[in-house]
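Below, chain A partners chain B and then partners chain C, in two separate complexes.
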Partner chain A sequence: MFSFTKEQKIIDISGIHLGGQPGVNPTVLFGGFFFKGNADFNNAKKQLEEMYKLSKKTGNPAIPDFFIKKDELMVKIIDFIVENVPKNYPFSIDIIDPKLKIEILKILYDKKLLARTIYNSIHVGITDEEQDSLKKYTPEAVILVAFNPKDQSPDGKIEVLESGANLTSKGLLEIAKDIRIKKILVDTAAMAPGDNSGAAIAAIPVIKEEYGLPTGCAIHNVVEKSKWLHEFEIARKSVDASSNVNIPLFGGDFAIFGPVENINLVFPIIAWRDILISEYAENYFGIKPADFHPRRKLF
Partner chain B sequence: MKNDYYPWGGDFNTCNPKGCIAVVILNIDYTPCKDVAIYGPLKTENIGIEKIIANIISNPHIRYLVVCGNEIRGHRSGSSLIALNKNGIDKHHRIIDAPGAIPYIENIDEKAIERFRSQIEIINLIDVTDKKQIDKKINECLHKSKPAFGKQYIAIRITPQVASLDDKRALHSKIIIDYLGKVKKRG
Partner chain C sequence: MQNVKTSVIGSYPVKVNNLELMKDYFDQKKSSWNKYIDKAVNNQIKAGIDIISDGQTRDPFVNIFTRKLKGCRIRGRTEVIDKVRYIEPITVNDQRYVKKIIPKNKEIVGLITGPYTLTKSCVDLFYNNKKELAFDFAKALNHEAKNLEKYVNLISIDEPFYSVEMPEYAKELIQTVFKNVTCDKRLHVCGDVSKIIPKLLEMPVQILSHEFKASPHLFDKFKEYDVSKNICLGSVRSDKTTIETVDEITKHINCGIDIFGEKISQISPDCGLRHQARNIAYQKLKNLVIAGEKIYG
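Then we have the complex of A and B:
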């Protein structure tokens, strides 16, 4: 359990507070909505409502992360957001395809959703067209993914944030600054087992001390790629959900915890961890938890 | 998983060590015949491709690389692998004309890449999901029985320098954590 010397920036996205010294704000939980085949929006609606209920109960803010792979689903997913994510609640849009990333920004602008959008993500693969599009249609917040294909260590992650590691002409932080993005989150880029998977966790305190920015990651991806765990069917889901405790334990601010189906495990586990951290942080560093912290709700 | 023939490990299955075919399976449920040397999925257009290069040149018997199934959206890893074989990499280590999001080859040297490009003939079956059609192509390659490509080539993984610190409590060279848990920048 840590406290940082560097001043920590807290960003407010539609009332959700991200960042700060460990023990102040509860861990923000990004639940993944993946639409495969015939997208089941009715089920997604139920899961979304369930996630907000758990968020209210535990105090851990919930942000739905919409993973968009197919262009034919783009408009349908945006319509789902308009109809089902409560007004003024934030959400994140998670797209890999560079072409779709550009298209979605215009759609979000047309639907007047940019002020609630967390753009997931900017990384070293950013194109000039994507940068131009982001300048034109700027989202409220952006996640910078500190993935460095040649160096997965915390140093490599800092290198891409700082200089672009010769993969981009400048660092990701400067790119975000040029686009005039004010609210920046850093994702420490969890890698598969065998590719320095632990570095995503070790990098959290390093990046928070270096930049003071809200930091987290999708550590559950490492569990997903641990093929040997498939042999342990009962344990696998628990390992997946509990992998997220590493993030607040190392000072992190948010967890992109994977499929929303895991909410019933993830929310209580993280609330429990946040309470533990808060008790230590207050006793040792005098850091008081926010009014909506799990420690103030759960006894 | 690691073994002598495929020292870089990864998510794959091995069959006939002297088989002349490796199969990259994109987004489909398919198991090739036991006469192929190795098969497995490909997810990412960077580290995933590096492992394929290393694990193929370490077995000189492999002369064909069948890339089949539905392309991985966004990553476009199958097409990026084909672009690498066709065009190589530029001075920034980017695969030339690769359509993937982050198609950089950073952890394996250029000699290994060149060896891969010389050793392998790619059979492009991207967007082919009909198992019979894939089986047919694989059988055609098996019957061509190309000779082995000389000796095996063990690619060295280019890794960043390992930190050496006297401070056993340090989590990382850039920070110090005192006994209270207070994090400070080192130096």
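Then we have the complex of A and C:
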């Protein structure tokens, strides 16, 4: 049981509140939409609706995270967002290729979607062109991935935010500040098992205490890469979903929980965890949960 | 060049592909750093250098050590937050890799950033006692030196701070780092060392290395002493992008020979080349090698 001495910043992205002391706001859940080959947008629509239903029921805000790997699907995915993500609801765009990132920013601008966009992500691989593009077409919020290839510990993650670990000329926080991004989320960069994977969780309270920024991660990636779990088929899904409870338990604010298919497991588990945290946070610290918190809805 | 060898002081410029590192992260693959060591080492070999370094490609010379020493954490600068201790080899794996990839006629210099330079470069939030911190760094570095000597021909301690401020326990620090280390030892102090030459001549190393190219007045200063140590003669500038011609370097080495004679055992750049463009660093080394061959055959 803990609260942070550093003042915690709560950011509002289209009505979704991210950040704060443990027990105030519910954990925000980013559900991944991955499109391959002949993308099944009808199924994606159903999954999106289902995710919003669960979000309404539990009180845990849902943000669809659209993973874009190929440029031929880019416009189709944006059209899908325009048609299916309710007006004023936020979404995140998850792209690795810097060229695609630059292209998508222009499209998001043209479609007037930047005010709802969470840019996933800025990291040490950012190019000058990408920075220029972000200055021109600035999204509402960004996720900074605190991956430091030289040091996977919480200190290493702070180093990359602070100074860029001599990989970039300045730290990721300063890069975001120069772009004039006001709403910053920090992803603590979950590593593969055996590569200090637990540090992604350990870093959550460290980063929140240092910067007071909304912090989370995609801890389920570690489960995906835990090959030994493949022998335990029934348990594997539960472990995958429940790995996310580590995030609120360590004071985190959001979970990028992987494929949207997992919503039925993830939302109730996180809502349950958030209720427990809220109970002890109120009992010990007098922290009241937000009006839309699962504890107010389900308990 | 039978007895006089071309060497480097330490760092060599390489461009790290950050995007590739990120792609490995997104694929949850562990990135290998060997390709960057390859680039630094291969360039030195191609230029004809005899004593090769790993290029110190991972980090600046302070962070390489403080990143892996217990009690340190890196923020803007390194902060010392607990007792400094050696918990794992720092540069040994990279040197072991270098040993694997170089031809048998090449030698390796192991690089250690000196305890006083580490002390002066860190923000001390724990000791509140510079001497105690410096000796704990020295003891930790002694473990590294003992591990390192299995893979290298020579260990070089880099102590640039000695030219700015030499503590009365400077010699003792170097002794501590090299306690029970039997390979050849070099002390590199860049900057103007003219006022500390007598103390440098007492250091427990076989070779003294200084930036004679940027500070040619050192020739006259050293002339005043009976130099019993071997000399690694800095012969191209590491802080200027101008590439010295072979003739210019030859002339400079001859000036060194006038002062030190056979005591010159190595010729090298003045300091690490990290801040140079790669093509410039390479050309500087290449001209150094040609100049050395012209003089020493």
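The working rule: the second predicted complex is superposed on the first by the 299 of 299 C-alpha atoms of A that agree within 3 Å, B and C clash if a C-alpha of one lies under 4 Å from a C-alpha of the other, contacts with A are read in each partner's own complex, and residues count from 1 in each chain.
In the analysis below, a contact is a pair of C-beta atoms (placed from the backbone, for glycine too) under 8 Å apart; a residue touches a chain by one contact, two chains touch by 3 or more.
Computed from a predicted structure; not experimentally measured.
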{"item": "Three-chain arrangement built on chain A, chain B and chain C clash or fit", "value": "clash"}
{"item": "Partner chain in contact with A:282 - chain B first, chain C second, else both or neither", "value": "neither"}
{"item": "Residues of chain A touched, compared between chain B and chain C (which is higher)", "value": "B"}
{"item": "First (chain B), second (chain C), both or neither touched by A:195", "value": "both"}
{"item": "Which of chain B and chain C A:174 touches, first, second, both or neither", "value": "neither"}
{"item": "Which of chain B and chain C A:251 touches, first, second, both or neither", "value": "first"}
{"item": "Chain B versus chain C as contact partner of A:155, first or second or both or neither", "value": "both"}
{"item": "Partner chain(s) touched by A:6 [first = chain B, second = chain C, both, neither]", "value": "first"}
{"item": "Which of chain B and chain C A:147 touches, first, second, both or neither", "value": "both"}
{"item": "First, second, both or neither for A:98, with chain B first and chain C second", "value": "both"}
{"item": "Partner chain in contact with A:166 - chain B first, chain C second, else both or neither", "value": "both"}
{"item": "Chain C collision site on chain B, chosen from 22-30, 58-66 or 112-120, when both complexes are overlaid on chain A", "value": "112-120"}
{"item": "Doubly contacted chain A residues - partners chain C and chain B", "value": "96, 98, 123-125, 147, 149-151, 155-156, 158, 166-167, 191-192, 195, 225"}
{"item": "Of all residues in chain C, those that touch chain A in their complex", "value": "16, 18-26, 28-31, 58-60, 63, 67, 73-76"}
{"item": "Chain A - residues contacting chain C, complex", "value": "96, 98, 123-127, 145, 147, 149-151, 155-156, 158-159, 162-163, 165-168, 189, 191-192, 195, 221, 224-225"}
{"item": "Complex contacts: residues of chain A adjacent to chain B", "value": "1-6, 69-70, 95-98, 100, 123-125, 147, 149-151, 153-156, 158, 166-167, 191-192, 194-195, 202-203, 205-206, 208-210, 225, 227, 251, 280, 284-285"}
{"item": "Chain B - residues contacting chain A, complex", "value": "9-11, 46-47, 73-75, 92-94, 100-107, 158, 160, 171-175, 177, 180-185"}
